[in-house]
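You will see chain A twice below: alongside chain B first, and alongside chain C after that.
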Partner chain A sequence: MNFPAYRALARCVVLESLRRKDLWVVAILGFVILLASSTLGFFGFKGLEIFAKDMAVTVLGMFSTIIAILTSCRLVPDEVKNRTLYPLLARPITRLDLLVGKLIGAVVVTWISFLMLAALTALALTIFHVKFELIMVQYLLAKMLGLVVVCGFSMAFSVYMTPSASATVAFLVAFGAPMVTRGLVLAAAGNPSLTPICKIINTVLPQTSLFDLGGRAVYLGWGLVPVWVMGFLFAYGLCYSGAMLFVSWLKFRRQAV
Partner chain B sequence: MSSAIEVKDLYVQYKTKKGEKLDAVKGLTFDVKQGEIVGFLGPNGAGKSSTLKALMGFVEAKSGEATIFGETAGTPDARKRIGYLPEVAMYYPFLTPMETLTMYGELQGMRGKLLRNEIEDLLEVVGIAHAKNKLNRSMSKGMLQRVGIAQSLLGNPELLVLDEVTSGLDPVGRKELRNILKKRQEQGTTLFFSSHELAEVDMLCDRILLIHKGKFVEERDMHELKATLRNFYVTYRGDASMLGLTDAWNENPDGTKTARFEAKDGLVSAITRLQEKGGQILDVVSQEGSLEDYFIDTVEAAA
Partner chain C sequence: MSKVGTFLATSSVAVAAVMGASTGSIRDEVNPPIKLVGLEAHDSHAAASILGQFRTSASSWLFLHADLYLHNGVEMRPLTDDEIKRGRKGVGSNPNEQKLHDDAKIVTVVPSARDDFRGIFGDVERTTTSYKDMTGHSHNKPTDSLPLFRLMTLLDPQFVQGWTTGSYIMLWDKSEDGFHKALAFLQEGLKHNPKSIDILTEIAASYLKERNGARDFDSAIPYLRRARTVAAENFEHLSEEEREATLKNYRRLAVSLRELQLLGEERAVVIEGRKFFPEDIPLDRFWRVLNGEIVSDAEINPPSVIKLVPGGTKPASEIESKDAQQDSHQEEAPVRVKVRFI
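After this line comes the complex of A and B, so read on.
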């Protein structure tokens, strides 16, 4: 574990992202959300609270996933393309250190974007007296863990494919995996002989829907998710991202640059 | 003197996009002693950058052995002792030189005030202290090359591996760089660099290694090579027959003759002969030979 190296690499990713004004896109999106909410407010908000909250978590989930994919997919390919990789690899760090540092940077950028969007959305909804319960905090935490998984597989794809191909596949996996997972469960229930194959595919696919507590957060009256569930989500997120990091390293460790 | 770099029978192979195998380095063997400045020469595509990349661990050698101060080349332990300047200096466009060097320093294991002070000193040495807080994207190619030189010197490495070191620098920058490198050598740093700039090689190197098409061609001590390349010219009035040992002679428009000698011995005996036979010596000139001619001739002979 080379923590000083991880910190240096992650800081570089965050600084580059801030200065490249990537986060401005997030700010503009937030502004659009505020504007849309004020329009709803103009027509009267009564009875629309749940709809507004549902919209908010959907938009939050979607945009934060897009940001996670776009940030992570270009980390390694950009280093190779811009030839900034050489002075990095000339330092006494391993290629795994490099991947870990870059992934941490991508996660931090994604989290900042997500929290900015969440804050702006919450502000917009609070203006119209929409109530939040404590489960909203759990929703945010679970979503942030889910974003680590998205960053992990997006970076892994980018090591094996071109940046555009990896972004496309990452989008398909991020948004399509929950549907596929549900389909596989139904398929296995209908035909038990398919169960082993379905289980294997389900193990390989990222279970991003596990991290989505949006449904509970939208409707009032849901209790808090037990701590052990949050602990499981944390462990799953850590294991899956670790596995993706390992997959990235398998290719990158001997890749000629 | 122990070796800073030792390369034995090194082979580097690339796979093209079509899946064909391309041998970039074929059985290269050489060593660089500690404290030496060694120039690594060869025409385009000779395998210089591939060799340097193998030394840094950017590409894996197909076979052979390369060590840096006894450590296997490419390992973090070996890289800890190397400062490396890549052929094309590209640095994060949205970082400043200060932030860029801070990151590299931290990756090198340095931190705090010590790192900050060293960065300030290095930026001063390479002449971009005034631009330390400007974004890299707003800098010229020459200034970026200076950032690159500064990052290669971070942590006071024992070995500097420099790929096309003077690329992008103006004559003033080149002179400053030569001074920096000479100073580092005086402090005990070993320098191994590739270059197309034969004038730089001439002014900096103790020794040169010449490769062509991935194979070793020859190594020469620079002082010996320069002595070999030196020519002596005698301009005299008299008959051509007065000089038995002449390698070549030219008749000048004013009727005088100029003879060329490759060795000092030949010159001395020619002068003696001229004096004995009543010839009038008008001028004696010693001229440095061209490294470029040597380079072209040697490469052509190796092709």
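After this line comes the complex of A and C, so read on.
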């Protein structure tokens, strides 16, 4: 555990993101959210509070996932392409330290973007007097944990593929995994002999939908999620992104630079 | 992400705004008042098709969202053919509720623990999503979803189902106010879809609904006549749903005309209706009543024999099929005819 190295590498990722004006894109997306909500306001907001909240969490989830994937997929390939990997590896850090630091940096950039978008969305909703319940805090926390998983598998793909290919596959996995899970449940119910295969596929797939508390946050009368579930999500997020880190390292440790 | 990206994003928004603003001129092309069935439906301008798809998708998405409102966020799905074959039953709904749609063949999207192989993943998903056991479930007030219907019809005024289902929900409010709101909503829909048989028949059905112990046949008949004209002129191009609405329109018009003793016109309507729907048992009965072969209960005690069921919903079609079955069983029954009005 080389924490000073992780901190330095993560800081570099954040600075690089600022230099590339990634956060400007976030600001533009936020502006789009505000613009869209004002359009909704034009139609009249009475009775549409639930719909507005639903739209907000949907857009928030989608944009933050896009940012997480785009940020994570280019970290390692960019270092190789720009030849900045050599000075990094010349320092007293291992390749695993490099991957961990990059992943932490990607997570921090994604979280900053997510919180910026969340703040802008909250502002837009507050203008229209939409009330928030305590579960919204749990929604934000769970979503942030889910973004760690997205960053983890996106970075793992980028070690094995080109940045474009890894981003495409990451999008497919992030948005398609919940659908595949539904399909597996249906398949197993229809043909119980398939259950073991379905279990294996389901275990390998990232369970991103578990981190989405949007439904409970949007509709009224749903209670808070128990602490053990939040603990499980934390542990799962940590384990899955750890596994992805390991998979990345398996390739990266022998990769010719 | 470079300046190029920012430029592209800004220009995309600008182009979308310009294209969105110009959709009014191609509305008729995208959403013709009478939707053509078959290849002609795809022959419209490319841009019109794309924008039409977007608007249709947005309104359909909102329409599906109304279902989420009813179930307080619990996502439901219909049973697959395979599941029905295996004898799986839907969750059903509270028998004390007036049914808005058929819940006997729907289940939750997130499976119950019994039907889920995922173990703890399934348990966690049932806790983090808006999931609950929906067996014999109740619904939220349908009126809560009304703003969605207003929004979807604002976005896509040619989305006829939005107008008709919205008005049906407004009619849940049994007061005079509810009736007038529903009627105003439908009239607005008619303004955008002057040739919509569904909307015309829904307006007529609203008038024919019993209020203060009476039905307003006089106000209903002009709409029924108009729907008849539109249907007769475009029958070949009508979709399945519109044909169903047309059939109901012929039945309603025949009974309404009889109520007002306009028997000559009723005869013409029944002849025309039988030409388009030769297999329809109620129209055949009307014909036999007109020819004096059988006597209608309607002539003896009209208010007690006419039962109105709002159209365009699954229960209504179920009732219709049940009626048809009953009618076929009663084929040999002499003299008395119960006119059930769908």
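Assume the second predicted complex is superposed on the first by the 257 of 257 C-alpha atoms of A that agree within 3 Å, B and C clash if a C-alpha of one lies under 4 Å from a C-alpha of the other, contacts with A are read in each partner's own complex, and residues count from 1 in each chain.
As a convention for this text, a residue touches a chain if its C-beta (ideal position, glycine included) is under 8 Å from a C-beta of that chain, and two chains touch if they have at least 3 such contacts.
The shown structure was predicted, so the numbers you read here are calculated from the model rather than taken from an experiment.
By the touch criterion stated above, A:12 is placed in contact with chain B alone, chain C being left untouched.
When both complexes are overlaid on chain A, the residue A:3 reaches neither chain B nor chain C. Within the superposed three-chain model, A:94 lies in touch with chain B and out of touch with chain C [touch as defined at top]. Looking at the shared chain after the overlay, A:256 reaches chain B, while chain C stays out of its contact range. Contacts of A:32 after superposition on the shared chain: chain C is touched, whereas chain B is not. Shared-chain residue A:20: touches chain B and chain C both. When chain B and chain C are set side by side, the one touching more residues of chain A is C. In the superposition on chain A, A:86 contacts chain B only, with no contact to chain C. Note: residues 20 of chain A belong to the chain B contact set and to the chain C contact set alike, using the contact criterion stated above. Interface residues of chain C facing chain A in the complex, by the touch rule stated above, are 1-2, 5-6, 9-10, 13, 65, 68-69, 72-73, 75, 80, 82-83, 86, 109, 111, 115-118, 120-121, 124-125, 127-130, 144, 146-148, 150-151, 154. By the touch rule above, chain A contacts chain B in their complex via residues 4-5, 7-9, 11-12, 15-16, 19-20, 82-84, 86-94, 254, 256-257. Those residues of chain A whose C-beta lies close enough to touch chain C in the complex are 20-22, 24-25, 28, 32, 43-44, 46-48, 50-51, 54, 70, 142, 181-182, 185-186, 188-190, 195, 198-199, 202, 207, 209-213, 215-216, 218-222, 225-226, 229, 232-233.
Listing the residues of chain B that touch chain A in their complex gives 14, 53, 56-60, 76-77, 79-80, 82-84, 86, 88, 90-92, 94-95, 99, 102-104, 106-109, 111, 135, 148, 151.
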